[in-house]
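One chain, chain A, appears in both complexes that follow, with chain B as partner in the first and chain C in the second.
Up next, the complex of A and B:
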């Protein structure tokens, strides 16, 4: 088991109180697993991704543990986290397009980053070149300034940079969202290839784009209002979702071949609850078509099938 | 995407030079065509060289009484003599030297203090920012000139070093505020966030990620502080609080006023130092505008 997250709670501190961005998130990630993390905006996807590598000033770790390869990740201890970063846990940030300093050449920037992590740049120079070629970049980009690269090229540079030290876990936060569809595909393919070649052990792929997740991910985890709604193999989640939220989320996707005359696409009526004072019980009950009294109790996340977890009172039976 | 995956024989060593060269020659191209920069730099450099080299050709001290009194400029005494028979050319070149010294010293100290405090406050934020901002604001509202006058007259300042130190310690706050506000916006840039994520030290992040992105701004601050220090020093000298027994453009002005050079029509006594100060500070400001136009692509004229 590579990663085991147990009952993770991370709140944002505000003047009006704590925002419960992650409220008891538990899941496992196996070796070699690519997990797609889907959900609406504000459901805690990015917060989860960040919590695994660096809490920023406003984030407060309230409870829960993170285990990586059997050892606990000291997420609250900035200093103790430092050796883990890039070596064990790495992140392709949401803003990969602007993650490169405009006044530095890319090669110089990568070298500085390596030195900060205690690695001599000359040691990995050949590997760096090989990997750049692998994602379709000329090693010549190392002598260029970020402004000379296109968005997709920058994205791939950041990707190579994030995986250069062979981390166990790579978090890709909306890594393809700002790209056009064809570039998206090639970036997603290189990510899968990186996993296949063992550059990264496992990967969490945060995205809105469920169709992309279906293509590249082994498993999908759907989050709703700071909690896990459902997690299972990608094909099961897409073709046979159990949680009503997942059903409606998949139902809101257009299908190839269907025409608009047959059926209008259904959205999900209503909005997610505010997380400043989250509702008691199941957080989806306000928008759920099959909610009943029992939903006033918080449903536990139970394994309804092998490797298929859901948090809903209606799926247990 | 012009690159092919796994293209053989890709050699990355050669293209390094053209990029760097292009960047440098682009700046030179715009620098060579900017009259403000050329004029400003020309005047400043000429005066600096005069101050550096001139004293080597003067074989007597600037305050020695060597010649006839009240002589207008002539072949022997290029800028004439004072009513005590001092050589004004000698005073002028030595004065230039000390004027540049005080600018570098006072401006340099103020620049170091101001940028350090500004960067720390802007980058760290929170309580560090609060405290540093408080200090900055307190020093900012001090009636600097009065404090300087009091300090300088009580402490019996002799010599440039102490004067430069005093000027540096009192003139940094606006630089700190300006740098702080710039650092504040740059600290939230994504690449700074990534650097933070990679566990780099605060100081490395400031010097390698933030400062290079505001280098022209820093240059400008330094020039303005440099010119400001010269003016403050001249003001102090002029009201008689300069280094005793020394020589500077401000002290020359002071003694010419004290001995009624204006009323006696000894124009060669007060015009050179006055014009010198004006030329240095004025051309530095012009140089500053020129530099800004060269480094800021938005202000460039093709």
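Up next, the complex of A and C:
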């Protein structure tokens, strides 16, 4: 078991009170698993990704534990987290394209990063070149400035950089969202290849695009309003979802081949609840077509099938 | 209704504008009333430039754009442009930057009133606003008299469409209008476009997302490097892509029920028939189209 998150609660501090961005998130991530983390904006998926590596000033850890390879991750302790970062847990940020320093050549930037983490650049230089070639980049990019690379190339550079020290866990936050479809496909495929070659042990792939998740992830976790709605194998979540939110979300996606004249898709009425004062009970009940009285109680996340978890009173009956 | 004929756009690039870049190359297309035409392309394909030229935000270098018989590029003077915008409006990608955050969101309606309907009475105007807000399926109590930050992206985007509907609009240029929206609200805006189409509105739908372009449009135009790669009825373009670039693009779209490997295997098992692509001589800037089947055109292959 690589990663085990138990009842994680992270709140954002604001002048009007705490925003309950993560409210009791629990899940396991196995060795070699690529987990797609999907959900609408504001559901807490980016917050979850960030919580695993660094809490920023506004984020407050309220409860819950994170375990990586059997050892607890000291998420609240900046200093104790430092040796873990980049070596064990690595991140591809949401705007990876702007994560590169525009005033440094790529090679120099990578060397600076390595030295800052206490690694001699010469030790990994050959590996760096090999991996750049693997993702289809000429090692010559090391002598170039970020402005000279296209969006897809920059994304691949950041990916190679983030995985250079073979971390146990890679968090890719919307890593391919800004790319064109054909570039998106090649970047997504090289991420899977990195996992297959063991450069990263397991990966959390945060995205809002469920169809992309289906292409590359082994499991999918769907979040809603700071909580886990459903987690299961990718094909089960796409073809046989159990949580009403997942069902409606997948029903609202137009596919290549569907048109308005044949069948109109339906959106989900209403908006997600505000997380400043989250509603009691099931957070989806206001928008849920099958909600009833029992939904006033918070549904627990239960395993309804092997490896398939859902938080809804109506599932499994 | 809207007709583009051999439109080119050349941008000056580099230091002192020494170099040139052809962003749009010899594009001809037609949008009829009650028809949604999707302009699909990756970044740099010239799709947004085309939208901007139709809206008169930038001028074509060569070629004509006519709207109901009038040449749009030759509109001179404030009055003529204002009349044009009475019939043609655009909605853009980011709804949050389309509103001024220090004013209430329905100020965009008031601005239409002061410039286009100065003589209308308060009661009549209120009825008109309520009518268009209802048309975009928003609840007036929820959206009027609110600041932009109090509304969701989907609500703001629909308010902008409502604003366009206040005018006697015949053509809507929708430039990536749903790229910023969540999956659950996206479909509402798309369904709204389908409703407007039934009322006889022509829509130029600019998008990079093939499945969205496919969902609403009657005809699709796939652009590559400024030139049309393929154009035809949406169903034919998606079921029987003829241009190698469209095939490549379609095989890269993440699909919900088929993996990339399955798509590739299927493509390898039934290789599509090849069509003869038109060719142009070196240095020729035109981009001819060949009609492969009725109404279904393929363009040149650019390397």
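Here, the second predicted complex is superposed on the first by the 311 of 317 C-alpha atoms of A that agree within 3 Å, B and C clash if a C-alpha of one lies under 4 Å from a C-alpha of the other, contacts with A are read in each partner's own complex, and residues count from 1 in each chain.
The working rule: contacts are C-beta pairs under 8 Å (C-beta built on N, C-alpha and C of every residue); 3 or more make two chains touch, one makes a residue touch a chain.
None of these values were measured; they are calculated from a predicted model.
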Superposed partners chain B and chain C on chain A - clash or fit: fit
Touching partner for A:85 - first (chain B), second (chain C), both, neither: first
Touching partner for A:133 - first (chain B), second (chain C), both, neither: first
Partner chain(s) touched by A:53 [first = chain B, second = chain C, both, neither]: first
Which of chain B and chain C A:98 touches, first, second, both or neither: first
Which of chain B and chain C A:306 touches, first, second, both or neither: neither
Which superposed partner A:268 touches (first chain B, second chain C, both, neither): second
Angle at the Cα centre of chain A, taken between the Cα centres of chain B and chain C once the superposition is applied, in steps of 10 degrees: 80
Chain B versus chain C as contact partner of A:122, first or second or both or neither: neither
Chain B versus chain C as contact partner of A:153, first or second or both or neither: first
Chain B versus chain C as contact partner of A:184, first or second or both or neither: second
Chain B and chain C, minimum CA distance [Å, superposed model]: 6
Chain B and chain C footprints on chain A, overlapping residues: none
Chain B residues within the chain A interface of the complex: 1-7, 10, 12, 15-16, 19, 126, 189-191, 193-201, 204, 208-209, 212-213, 215
Interface residues, chain A side, partner chain B - complex: 53-54, 57, 81-82, 85-86, 91, 93, 95, 98-105, 112-113, 116-117, 129, 133-140, 142-145, 150, 152-153
Touching residues on chain C, where the partner in the complex is chain A: 42-43, 152, 182-188, 190-191, 194, 208, 210-212, 214-216, 234-235, 238-239, 248-250, 252-257, 259-260
Of all residues in chain A, those that touch chain C in their complex: 40-41, 151, 180-182, 184-185, 188-189, 208-212, 214-215, 238-239, 248-250, 252-260, 264-268, 271
